[in-house]
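Encoded as structure tokens, here's the structure I'll be asking about.
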């Protein structure tokens, strides 16, 4: 049970940290690589082409600007590739979003929200869970915990507003 | 090995037909549902909540405009949900794209290109293939066939240009 | 005379505070709920479906990013739903605006400006005032006060510029 | 029970026809006016300022391009004003949408989808229904009929796909 | 020789200050008004309708968001109206720009850059100069001074770079 | 009383025809030039620099795509320059609009709506009318005629709807 | 003197034909390849990596949607790469433009207008001309011919307008 | 071996500094000019028209807002012109990008990313290297160094993550 994370630059690490944390939380092994689709294309090629053999079951790729990394990764593997557009330029991440999501027919990239690294990890877990009942149960628990957290926030707000109303 | 396809309106069928065709091509069973996140929310709820029990392993949801269907589907299941933004208004599908891709942390939707139904099906197959070696091999063959098709087109163009040059 | 306010996250409270203040100013009772269309869909369903019976006459729903909350709320009630797009991502609230305003035919959401919570409250009051002459009169007074405020600002500017001209 | 519809140009009538039809379907009386915020501002002023006295309870205003009509109407009345952005230029109605929805604090306009005239009418009915139990019941029936229509389309699609599978 | 400046809110004054300064620099008399197209429409109407009689020869109107003020001003006068879109929301002034520039045929508004108040003043002077030879000469001098300023900056940069090269 | 019209390409003539017609309607003499800011920069320079001496009082410049023509014209004259963004590419004229309206401080271009040639002519007439009382009166008449036309359309619509109601 | 043209799909040929024609007009030899950054990445790699050795001096790469081809080509060569965004989706080519132009520091792609294939060829010629005086002279002649063509169109328009004026 | 850099304002120097540094790093001589397409058009004209004679082989032109400078420069020379859109307004540099990249057929400008000055310099070097084998070799070395830098960052990240895992 292993997921690879490729980022175009180490400056993307803060954006990707929630993905690392979430995968660890679910007990998923992680391979991380800093590699650039444009500066180190061969590194990307070799890392990706050998991923399945190393036991990787899904790849998360994050990049900003003309964000080619997820698509380039997808061109070298049939593993599911999850793309995270990084907001790194003056146009709010729209360049990265369009560069990742508008893939041509034949080579899909599962695109997450701009800077949506946590969801990339959760989606990777959901993929693994399609063949792992225990993981599927933990996802249900995770959802229950999220809902409880929303309820706690609601309760706190009710209390606060009740206090104001007095 | 089953994938569900939910569309917000039967008018989305032409956009989704390539997804149906591709899943059939890979021998994947399909459940199809026309249901609206807004007009028939309970139908969406029940279909989705029971999908895992019916053996569905991934859900493709397509919608245009304020495209809430994929996100609403994702809120009722931990199966992987693949969203297809449909170009159905005057803003070229940007409304559907942003409505689908910008999901908040916790509930991911794997977003495809605007009208990218074929890739939604291929991505569903890639998910299934993480636990199905045969399917994984067929994906590799599919890629090989795509590459051969590109080569054929290139050869045809070379011939055409050579003919013009005479 | 009661209006409900639903927000997707308690982090939206600062944006919504002007709505709470304005409704109080007009003597309208308020129900507030923190609930997420995606993390606690059942809570949203039950709160909304029972709203009319509890005497709620209009619902204000605010959300950012893929802002499905107002549309999901609208799918469970025929009360007027007023949507407030919250600017919470890198694209300036355009994602929330399009996710809320581009609702399909059949299920309207009355959309306000990005972060336009005060107007959501005023519009709710305008709805209530269609059947409440006293409230209608207070709206006219409110407008008069706003106009007087503009006139005061104009007078202050004239004075300031006259001072500079000396 | 009366709703007014103001359009900036008679060329907007095809976009607004669904609003007229829907209001008639619910038995709501209609006043219609062709008047321009810029070419006939006084006409707009007088029609709007006197609307409440004539028994109008909500006003639908539609315009394209620099769509000032709904905001100008809202500046002359405290009745609820529902704005319909019309797609009439080369930018897909985004100009009209932003011109209508981004109203400053104090003067709300309830904005519908681009060309969303049917929803404008339904929203007007929802406003009227807050003080009219019969109308509220008819809205519920309308929703039920919409849901049934979606179910019919789904059934037809299932049949069609079953036929193809044979 | 008089120009009027209308702003929707006194918070727009910092954006408009360069217009006031520039008009003073050219010796043009100024009338300033804070008035809102939506909150004080009658004030706008009366100020504008009487402007020509008071000797005003051009009107500068600035507003942000759903920036109706310049168009509303233009609907009450045949004097040249110059619109300044103010960047006052989360979408970078694009809402104000489209609300001002996309005026329908018949009622033009001369639109300047977002926050381009200085150019609004210069354009007003250019209008006055069509019938005022002295003003036309001063505009030429102004251009010459601007060019000299660019040349001075260029000379300073050359010196700086020469210093670095040593 | 003369206005010059410069277009970047003779293919822009259909867009500009309403400007020619409107200027003729007001009895304004016209100089027309097809010249390109990029292909014939010297022609643009000479035509523009000598315009004032030839009696031209305002210049209308229209261009699409990277629409530099109005700004280049403005750099060679202190006459008022009115820019018309032409919708000639796949982005709906937004490229031309931004290229024309976002002029830097010092060199204003009065920007009209995308394809708004008629308003360019009317605005030129409004400029001329600041020093020509007869023209000012004709503008008022023109407005009156426009308003009457709107009223006629309204009357026709009332009649049509009354017919339908029978 | 040789330029390579790579297109992601043979359906891009109509867009690229003006590039082929223009290069022929200047007597530049052409290599053409249909190859996909995603479907045939190895083909792109080998073609590009060997281009300099085959005497290619510049590469034109055209693609639509998530247009990675020009960037991928640029990652395998230090020859100048000229990118042509192709308008092939519902967002008017903005996806391709941003995917090509927003390249990260280190790997430039010289981006042309959307569908701007002719300029790609001219720019390739301009590059070759930096070391080829004869080609430089032909470029000057080409410009002269373009200017003459504009002048001819202007003359034709003058004649047409003179005819109308009679 | 000389490249010219023209900037519309000395405030653009910080954006352009990486271009100066990179050209120096490659031993390319530089001419710098501050000149405005609109304020000092003649200066731009003369500097550009004489550039080839002074031995300049490529010109980098940077500007923000309605960024006409690169196109205007390109209209006066057949040397390769490289445009750098500068992010200097409230719309994130999209105005400058479209003003530079959307050049009409006949006059190309090689457009770089928003604020992409370093790539402008590298692209200029790539042009020079088409006729300079030594420079070509240095470009290859530069790429190798960039790749090594990415590898170093990757190694550092691996170490950091290994440390965290203990």
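Think of it as A, B, C, D, E, F, G and H in the order they're written, each chain with its own count starting at 1.
By our rule, a contact is a pair of C-beta atoms (placed from the backbone, for glycine too) under 8 Å apart; a residue touches a chain by one contact, two chains touch by 3 or more.
Keep in mind the model is a prediction, meaning the values are calculated, not measured.
Participant: Where in A-G, A-B or C-E does the D-E interface recur, with over half of the contact pairs identical by residue number?
Facilitator: Checking each pair in A-G, A-B or C-E, only one repeats D-E, namely A-G.
Participant: Quick check: how many Å separate the C-alpha centres of chain B and chain C?
Facilitator: Computed value for the inter-centroid distance: 36 Å.
Participant: If you average the Cα atoms of chain C and of chain D to get two centres, how far apart are those centres in Å?
Facilitator: 19
Participant: Approximately how many whole Å separate the CA-defined centres of chain B and chain E?
Facilitator: 51
Participant: Mind pulling the residue numbers of chain A that touch at least two other chains?
Facilitator: 9, 36, 39, 65-66, 89, 91-92, 94, 101-104, 106-107, 113-114, 143, 146
Participant: What chain-chain pairs meet the touch criterion?
Facilitator: In this structure, the chains touch in these pairs: A-B, A-C, A-G, A-H, B-C, B-D, B-G, C-D, C-E, D-E, D-F, E-F, E-H, F-G, F-H, G-H.
Participant: Over in the complex, which chain H residues touch chain E? Could you list them?
Facilitator: Touch list, chain H to chain E: 9-10, 13, 20, 32-36, 39-40, 43, 65-66, 89-92.
Participant: Considering the complex alone, what residue numbers of chain E touch chain D?
Facilitator: Against chain D, the touching part of chain E is residues 8-9, 36-39, 41, 45, 64-66, 68, 71-72, 74-76, 89, 91, 94-95, 98-104, 106-107.
Participant: Please give the residue numbers of chain H that touch chain A in the complex, ascending.
Facilitator: My answer: residues 87, 92-94, 113-115, 143, 146-147, 149-151, 153-154, 156-158, 161.
Participant: For the complex, give me every residue of chain G touching chain H.
Facilitator: Residues 18, 52, 57-58, 78-80, 82, 97, 101-108, 110-114, 116, 118-120, 122-123, 126-131, 136, 139-140, 143, 146.
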